[in-house]
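Here chain A shows up in two complexes: once beside chain B, once beside chain C.
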Partner chain A sequence: MSIGRRDFLKASAIATTATAFAPGINLIELAAARNPEQAATAIHRWGLLIDVNKCVKGCTACVDACFIENGINEKGSPTTDAQWIRKVTTKDKATGHEQIFPVMCQHCEHPPCVDVCPTGASFKRKDGIVLVDKHICIGCRYCMMACPYKARSFVHQTLTGQNHNAPRGKGTVESCTLCVHKIDRGDGITACADACAGENHKAIIFGDLKDPRSEISRQLKAQASSQIRADFNLNTGVRYRGLS
Partner chain B sequence: MKAVHYSVIQGKSFGYILLLGIFGAITAFGFGAALYMEHNGHIVTGMNNQIVWGLPHVFAVFLIVAASGALNVASMASVFGRALYKPLARLSGLLAIALLAGGLAVLLLDLGRPDRLIIAMTYYNFKSIFALNIILYSGFFLLVGIYLWMMFERRMNPFTKVAGFFAFIWRLILTTGTGSIFGFLVARQAYDAAIMAPLFIIMSFAFGLAIFLLVLISSYAWTHREIGDAVVERLRKLLGIFVASVLYFVLVYHLTNLYVTEHHGIERFILLDGGIYTEIFWMGQILIGGLIPLLLCLTPLGRSRPMVLLAAVLVILGGLAQVYVIIIGGQAFPLELFPGKGVSSSFFDGQITFYQPSIPEMFLGFSGIGITLLITTFAIKVLPFLPNSLANKDVDPHFTDQSKGDSGPSAEAATA
Partner chain C sequence: MTHLLLMMQRLAGSLVAIALLSPLVIADSSAPKPEIPKAAGDQCVEDTDYMRRNHMKVILHQRDETMRLGIRTKKHSLKNCINCHATKTEAGKLSVLGEKGFCQSCHTYASVTMDCFSCHSSAPEKDTDLKLGTKRASPHHTGLAYKRASDLSEKERKFLSKAVSMNTGQKQNSKITDNSRSGQ
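Let's turn to the complex of A and B:
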C-alpha cells in the first residue's frame, strides 16, 4: 500500500496533535501520589469521619493497625507508653447511655499545639495534617499541655524496632500523623480506616474534606456530624457521626 | 543618708568553703540527675503522658518567678527613689540574675532534648508565649547586667535610674509572660485565666523578697556585718503586704471559678477532695505560706530576727506549695473532652492522675536552688555587692527602734 503526500501530512498532523495533548488527558484516574519534591498543597484537606454507631465494643483493630504501621511497640508502662489512637468509652452522667469510639489527633485547622510550640516543631501542613518535626522538637511538652484532646505522647524511653515510615525519637513529642507517609505515596487510606474496613465495620472513613465528590464529603453533607469540643472553634479535621 | 561603702567578703573561712561545697554538691547532683534522665529517658521520672510537667517545673517556675521579684528591692531604690533600699540594690540585682539562672538551668535540663538548646535559641515561633519568654529571659539577664554595671561603675551612676526603670518594666513583662504560660492554655480547667499573669507578678513580689531577706540576713550574720532593724523591719512589713496580696489574688481566682459552674469540678478537686493537692493547698499554700507568715510579718510576734527568718522560709515553702498546686494539681485533674459525660480509656481519660516525683527529679529541682546560691556566694566574694554596714545609724539616722522597751501603741508613740 502506498501513501500519498497529503495522507502522510494528515497523519503526521494528527500524531503531533495527539502527542501534544495526550499527557493532559487522563483516560484512567491514577492514584494521586505526590512527587516527593512537591509540597503539600491546600487543594486538599485530609480528614476522618468516625461513625460512633458502627464502632464495635471490644474491637481494637484500628489501634492495633496504627501501632503496627507506625512502629509503636512500647509495652509495660501504661502511663508513659505512647498512644496515638485510643478507644474511649463515654457514659452520659444523667442517662447512663454508653458510647465507644476511637480518639486521635483531631488535626485542627487552628491547632493549639502549633500556637504554643516555641520552636515551630509542631506545625500544620497545607493539606491540614498536624505533625511534629522531630528534628526541631526540644521536648518541652508545652503542646501536650495545650492540646484539648490529650492526643499527644512524649517518648519516655529508648526506642527499638522503629518503622522507617514513621521515625520517632526519644525525648520528643509525637501524635497521629494521619498516616502521612501513606497519603504521600498515594495509598488513599490510613492504617486505622483500612483495618476498620477490613473488619467490615467501616466506622472510619478517610478522605479529602475539600473534594465534594469524595465519600467523606458526601457523607458529611448527607448526615449530621459533630466535633469533639466544638466550642473551642478549632475546626477539626476529624469528625464524628452519632456522638450524642 | 551617709555614703554607702561596699566590700567583698573575705571568703577564706572554713564556713565559706563549706557553703560553696554544699551548694556545689547540690548542683552536681542535679547535673548528674539530668544526665541520668537524658540517658534513660523520662521514664525514670514520675512524669508521664498525663502529668507532663513535674517537680523540676515546680522549682524552675518558682525560681524564675522569684527572680523577677528579687529585683524589686533595687527597683524601689532606683525607680521609686526610696533611699533606704539603695544600699540593697546591688544584692537585689545579683539575686535576680542568680535565681533566673537557677530556674532556667532546671527548665533546660528537664527538656526531652536539652542538647537542642541551640534550636531553642534559633528557631522561634512568635505566637508561642514560651518562645517570647526565651527572649524575655535573655533580655532580663542583659538589662539587669547593665543595671548592675551602672550601679557599680561610679562614672555610670547617673544612669542607674534609667537602667533601673527599664529593668523594672522588663521584669513586669517577664512575669506576665511566665504567668501567661498557664493563662493561655484554653483547654485546661485550672488554667485559661487572665488573672494568672497578675497573680504571678504578686507571687514574684512575695517569693523574691522572702529569698532576698533570707540571703541578706544570713550573709550579714555569717560575715559579722551589722544589719539593723531599720532595714529588716521595713522588709518584714513589706513581705507581709505581699503575702496578703497573694492571698487576695488566690481568693479572687477561686471565687471566680466557684461562680462558674463549668469550673466546679476543678474547684472541688483543689479545695475539697483532691487528696494530696487539697492538703498541699490548705496546709502548704494557705496556712504555712500565707496565714502564719502574715501573722509573723504584720504583728509584733515576728519582730525578732529568728522569726523574720522563719517568716521568709515559710513564704518560700508556701510558694513552692502554691506552684506545685498550680502545675501538678492543674494537670492531675482530667481534661474535659466530653462535658457532662463520664469518660474512660486506656490512656487515663477522665481519671485523676497519680504523680510521685522520683529521686532524680528532686535532685534536678533542688539543683536550681544550688546554682542560685552558688552564684550568689561566689559573686559576693569577687565583687562588692554587700554594704559594709546596714546598721540603723548608717541607713536611716532617724530610725527609732520600736522593739526596745515595751511594745505597744503607747511605747511606740513615746519613742516616735
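Let's turn to the complex of A and C:
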C-alpha cells in the first residue's frame, strides 16, 4: 500500500503546523544556534546598539574587554598600535555639552572598505559582519583610507602569542570582527557588550537586526536611534541612541 | 625487427624503473629522515599518506570555508591539528614549532617555509590558561590577554588603557576628542 499524493500533502501540512506552533521552539532561535557545519546566512544581520547616555566617562571596560578577547597587547606606539574599538568624546562648543561613546567598525551594509579592496580580502559575510581575510590581505591600507570611521588598524610589528580565536599578524589590516568567533560559537554577545553589562552600564546591546523579537530590534523600534554619518548611506550595523 | 623493438621497449622500461627507484635508494642510504614526533591521539583525521601529500589542501579548503562562510567544523581545522600534534619544546611549552616540533621538523627538512604561525597560535588551546603577571620575553605578551575586564585590577586597567589615550581631531562647531590615531 502506497501513500497517495493527497494523503502525503495532508500529512506534511500537519507536520509543518506542528513544527511552527510547537511550544518553546521557533525557527529563528533554531537558526541562531547554528551548527558548525552550516554557513552563516542572510537570515541574520548582527549589529550593536550603543546608548550614548548610558556610556560612562572614564570607563574603558569595552575597550579592555575587546583587547583581551582578541589578544591586542601592543603598547608604546600610540600612533600605530592596533585599535579595534576606541572611546570618542564630542563637545558642543556652544553649550559645552559632552558626549562619550565607543566607536568600532560599523559593519556597514555597503562597506567602503570592501569597495576599494584590490584583492577581495575585505569582505562582508552573509550575516552582515565585515571582515578582513588576512590570508589574502596585501597590507595596502586602501580600506583604512576609505573607512569614514577610522575603524581599521594596520599591524606594523611582528606579533607573538596571539589568541587562538583572533589570528593577527604583521603586514595585514584588521578591525572589529564583531567577535565573530563568539557569534559562530553561539555565545550571542560580543566581548564589549558583555563587559559593559558586567559594569552594569548596559550601554551596548548586541543582537540580530533582522529578528523583530530580538532585544536590539525592540529597542530600535521603541526609541529613536541614529547612525554616525548617516548621510553616507552606508546603513551601518552599529546604531547609536542619544547621539546629537 | 619486432624483436629489436621489444628489446628497446624493455630497456626503456627498466631505465624508467631505475629512475623512479634511485631517489628512494639515495634517500634511504644517505640523507637522515626528520624525527617527527607522535601525536597525542591514536588516529589522524585522514590517512597518514594522504595527509603527508595533501595537508595544505585540506587546511586551505577549511580556511576559506571558516573565513568566508563561518563553517567551523573541527575535523580539518588548524586548531584541531595543533591540539593533537603539539609537543613540548625545549622551553617547556606545548607547540607544533621548535626544532623537534611536528610542523617545523618536517618543514625544515623539506625546506618549505610556512607562515601560518606568524598569525595563528602554535600552541594547543588548552595552553591558554596563562597566569597573570608571569614575565614574558615578548613585549606583546602581558598575560592580561586572558583575563576578563571586570577582573582587572586598577593597575592593569591603567596599563591597558594607555594604548588608547591619544587625543586628536578638531571639528568646526564641536570639539571631538577621538582616540584614533592621527594617521598612518
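One rule holds for everything that comes next: the second predicted complex is superposed on the first by the 211 of 244 C-alpha atoms of A that agree within 3 Å, B and C clash if a C-alpha of one lies under 4 Å from a C-alpha of the other, contacts with A are read in each partner's own complex, and residues count from 1 in each chain.
Definition applied: a contact is a pair of C-beta atoms (placed from the backbone, for glycine too) under 8 Å apart; a residue touches a chain by one contact, two chains touch by 3 or more.
On a predicted model such as this, the values are computed, not experimentally measured, just so you know.
Engineer: Looking at the superposed three-chain arrangement on chain A, would you call chain B and chain C a clash or a fit?
Structural biologist: clash
Engineer: One more residue to check, A:C105. First (chain B), second (chain C), both or neither?
Structural biologist: A:C105 contacts neither chain B nor chain C.
Engineer: Between chain B and chain C, whom does A:C147 touch in the aligned arrangement: first, second, both, or neither?
Structural biologist: So A:C147 only meets chain B here.
Engineer: Does chain B (first) or chain C (second) touch A:A40, or do both, or does neither?
Structural biologist: Touch status of A:A40: second partner only.
Engineer: Thinking of the overlay built on chain A, is A:C176 touched by chain B (first), by chain C (second), by both, or by neither?
Structural biologist: Neither partner.
Engineer: So, does A:I205 touch the first partner chain B, the second partner chain C, both, or neither?
Structural biologist: Neither partner.
Engineer: Looking at A:H164, would you say it contacts chain B, chain C, both, or neither? Reply first, second, both or neither.
Structural biologist: second
Engineer: Taking the superposition as given, does A:N73 touch the first partner, chain B, the second, chain C, both, or neither?
Structural biologist: second
Engineer: In the superposed arrangement, does A:A61 touch chain B (first), chain C (second), both or neither?
Structural biologist: In the superposition, A:A61 contacts chain C only.
Engineer: Quick one: which of 97-105, 169-177, 313-321 or 349-357 on chain B sits on top of chain C after the fit?
Structural biologist: 349-357
Engineer: Overlap of the chain B and chain C footprints on chain A, residue-wise?
Structural biologist: 78-81, 83, 86-94, 103, 141, 144, 150, 153-154, 157-158, 169-170, 172
Engineer: In their complex, what parts of chain A are in touch with chain C?
Structural biologist: By the definition above, chain A touches chain C via 34, 36-40, 60-65, 67-68, 71-76, 78-81, 83, 86-94, 103, 123, 125-127, 131, 133-135, 141, 144, 150, 153-154, 157-164, 167-170, 172, 180, 184-185, 195, 198-199.
Engineer: For chain B, which residues are in contact with chain A within the complex?
Structural biologist: Answer in residue numbers: 38, 40-43, 48-50, 52-53, 111-114, 116-117, 119-120, 123-125, 127-131, 134, 181, 184-188, 331, 335-338, 340-349, 353.
Engineer: Can you tell me which positions in chain C touch chain A when the two form their complex?
Structural biologist: Touch residues, chain C against chain A: 63, 65, 67-74, 79, 118-121, 125, 128, 136, 138-142, 144-150, 152, 157, 159-166, 173-184.
Engineer: Touching chain B in the complex: which residues of chain A?
Structural biologist: Residues 77-83, 86-94, 103, 112, 114-121, 136-142, 144-150, 152-158, 169-173, 228-229, 232.
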